[in-house]
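Sharing a structure below in structure tokens format, with a few things to ask.
So that you can tell them apart, the chains are marked A, B, C and D in the order they are listed, and the count of residues begins at 1 in each.
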């Protein structure tokens, strides 16, 4: 261990996002994994749970002891289920360790909204609405000094990044937005369930949680936080036969200006996105139609805009955005947040 | 060969739809493949082009000779590219053989619409608008006596089947319909191209031909033909990492009645679809959210309806429909059409 | 229900082989599903467990009551785990219903061999060694009159079909046979387990149970039963990222004759296989190298032979055989057995 | 560009190995891509050919001009087809630039062996047998000073790494080795061909080039070069439905010692492999059975040993080795070689 390395604790180590953190840290020159906890597999080496780490990461799983962890690590990445996560985040923060929380527990602005959608009493309500949303493209300054960061949801990342700037600039209408998202199966986690068995999910696509997925309110809440405007989104997620990646195809109405054509609307929206992300190394506004394969296994985002309608009557804006749900949609974003929190180049290790 | 068997000629035998026809005929008790043509592979056994037929179908590929084929077969299934197909259909029909055309050449209602979208001069314009669309659920009577049947497109089948009855019954608005479709890769055909290589299409999803795919006007044309109403659809197809299957997720606005709730709207639309398809053996209006895996390798269709919005202010109807693009979206529909044309049980062999 | 239909009871209805039986029976002109049992889902429609049956098979799951089932069905297909299966088979047979058992409980020749490999006390030892192995290509006569049929294992089918005739004819050495098999994931069943989650099995291949899989002794036992010779096989199964299909690549030493060349050995082995299976409608000895895609969703088998070595010193025979593990490797074979048992064309419904 | 960066030229930029080199260099702290050539796409940005590089690598494709490239780069990675590659390698070396050749042109020890298997006249026969094989685990010293490095084949890497040390130590017999390998589809390259279309390769596994693949002699040649012993291998490659990864399952006979048991043989072989690779950061001798998923997207190798036979009569050794065909089997190895050639940590960027 080098003296100047950021020491990272992984809280809840058995899932895919935890593995992705461990994997990314192996190639990170200025941070290293020093702690990994697990209730169920205490004492085992992390590489027994994740055989791809064999010979590469020999850390042993330890129980969750915040005081102890605070001595061993500078930052904790908390990969626990919602509810349970908030408790651990509170205990870690109390022990003086900075925390990046992968759960949804601190993403929403209000306790009632959280409790309506997650169906549990929030264990640390004082901090709800008072934790920065870990999207450095919009909140880098607050992240830099934060004690707790709410790491964004995967679907919300794919929707907020293109929509928030367009809403903020008044380029699309706020009350008619449809988000049709397609996610790889890793988004459903690593607990054995019938629906995510290979022979159920393979060679098949299906919609789920239509108009009732928890990421819908997260999208609305964050677009509001970034743009100052209230939006209404209809969100349909789909389970897609691939390991990783989210493609969101979004439909909105343009705010038209006099003399607008399909081409002028497209140009204006593309320009706004390009301007917004000009200095953001991970966000790419591209001319081609992005595929998830263009971004998986990276922290990068590709997005583009199309406009439908007769040339002189642009009717509908179609926005396509591709991310890796496990990287920019989870663990990559967490590493990026950590980099911002500890003052190193935000691309380090990504 | 049994005396009473329907004798089928396959015109253009090297692609996936042709293989699917051959495969289905092997299990069809009242029809058999007697001719298979190919320009490029004349003389070879069909099973050399499609090794899954080895030992099961030993027919040899022959050149395209309409007079000859008329002696050998009762019906021709024409699996050629658009333009080329219309010419062959004309020649086969002139030779007195009934034809099921897999191309788009006779699907649209007017020559200008066809030439605008397909960019070629139509070789047999007299018959455009004068050929039945091969969807027995709506046009069985005309199919029964037709000399030429225009076999439906794959995406249009998935969209027309749920949308046309709802438009016809005045249950959804006609000017705000979005069709977000996800298709397996077989829809792109069997000619080697970069985009359909395994390593390009696997583990990736992407949109293509946004608001510019030729199946958009086909959907509009047929919904109009069935419902008598002009509709405007925005159609986005996606290439999905699976062999077969189409899932179309459709978004529309309900025509509301006084006192409507989310539940009442859903019930009304489901009832309309159930009533429409009550006697149709292949169409299933289901409560669950269909996955393509529920229908691939069959001629069956599963569809359902959801409604979004606050309970007392239903805002948007979401319709999901799953089909197998190669079966009900192509070769299964052709067999079904053939069954209707020759007066056998329409489920025979399907 | 037609009077002359074979009435089929499905015992244990929630797995993939049960679904495959139900699916195949829907297209079988002379048999129909009349009973489906399940301990865990009693009362539910079968189509709730298998949504692909929605609107196609509305039978309700009932408890396991042999006396009752004997009144409702002519044959029972028993899809239970080993041990449990033998008990049910005994009770069904005692109630006077003919049984096709999908488990391994009656496949092996002796109780000690069974108990050594399956680690349980056999519930009905009297019948072990006294039940026909359900491979009509070798045992059709006994199957025709059997009260109980032991449906073959999937891997054994892919190995026995090419190896047994070659061993019987003295064309390959018996003591140096390696069977390297690759199976689709459906072979592992439908119970949620970490190893068969989509994100574990997808995009990955791995060996398991090397030299210790229970299908090894089954192969040896049956090759002995068919050929009269004792063989020693080394069997390595692999989990392959696909739903269905088994490809077995087998390595053996030829029994050489004077003047043999690579070509003469290949010709002799191919001729023996062609002769053996000349009248068998499902078995195809092909020139090309079979792929699992050529046989999945069918009851057909493709096999071929290659010989390695300098042309004048043939050293090793390589045999490749492809089957569908769920069809010829399980449910298709069961339907074929049923056809033989009830005197209908063995290809009926397949 | 930093002064001390290794400047890399990519010769032939349109394939998967070229993309992998570009991708790896983006994360390499001490090397950067300065040149990319292409005959067919001159002038285009590399990211147009490989959209995953959009916004990340803006280099434009240039024609192949060795003198010019020698000014722009310190090392050339030559990703051309065999035959064509040897010519370019010669011209680049003559221009004074060090070369890592991805083709097979300089891997084999003799011109006749090369010309027998590759069917072309070698353009630079003087150097055949006189170029180091780019496997730093065995040839690091020669690589460090080499002007030309022959980057190893993918299948040979997976076979040589476990077999060569065991042969060298006299632990397995040399005349009875079977290598049954399963490769992802990227190994077949990026040129559109029927066999590598998604719908042909997906959901299917098949053997090809049985006992006639060019990597067989490469394995024999290199095992001889490393161990000093002549071996005879029988090699069967399989096309497996996954993007990346090779799993080789190998069968050999142990050289037995008095009193040997299955356990003692396994322990001796594992110990030999562990000792051989003790200081090699990428090679992991593991207890579990490796899956390709454990190593894809990394330069790491996992291998293990099993022994079959009655406990007191060990009969056959089974060795399993997993690599990523595009990384350790191609581009990762090339980066590792470059690191050794330029004196930086061999794990840099990997």
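Before moving on, here are some points about what is shown:
Just so it is clear, a residue touches a chain if its C-beta (ideal position, glycine included) is under 8 Å from a C-beta of that chain, and two chains touch if they have at least 3 such contacts.
Since the model is a prediction, treat every value here as computed from it, not as a measurement.
Under the contact definition, chain B and chain C share the contacting chains A, D. With centres defined by CA atoms alone, the chain at the far end from chain A is C.
The pair with more inter-chain C-beta contacts, choosing from C-D and A-C, is C-D. Averaged C-alpha coordinates put the centre of chain A at 46 Å from the centre of chain C.
Once the centre of each chain is set as its mean CA position, chain A and chain D turn out to be 36 Å apart. Chain centres here are Cα means. That of chain C falls 39 Å from that of chain D. In chain B, the residues touching two or more other chains are 200, 202-203, 241-243, 290-291, 293-294.
Of all residues in chain C, those touching chain D in their complex are 178, 180, 182, 184, 200, 202-208, 210-211, 234, 236, 238-245, 247, 249, 251, 289-294, 296, 306-309, 315-316, 318, 320, 322. Contacts from chain C toward chain A in the complex involve residues 16, 185-186, 190, 192-194, 196-203, 241-243. Residues 27, 29, 51-52, 54-56, 203, 284, 286, 288, 290-291, 293-295, 297-298, 300, 302 of chain C are the ones that touch chain B when the two sit in their complex.
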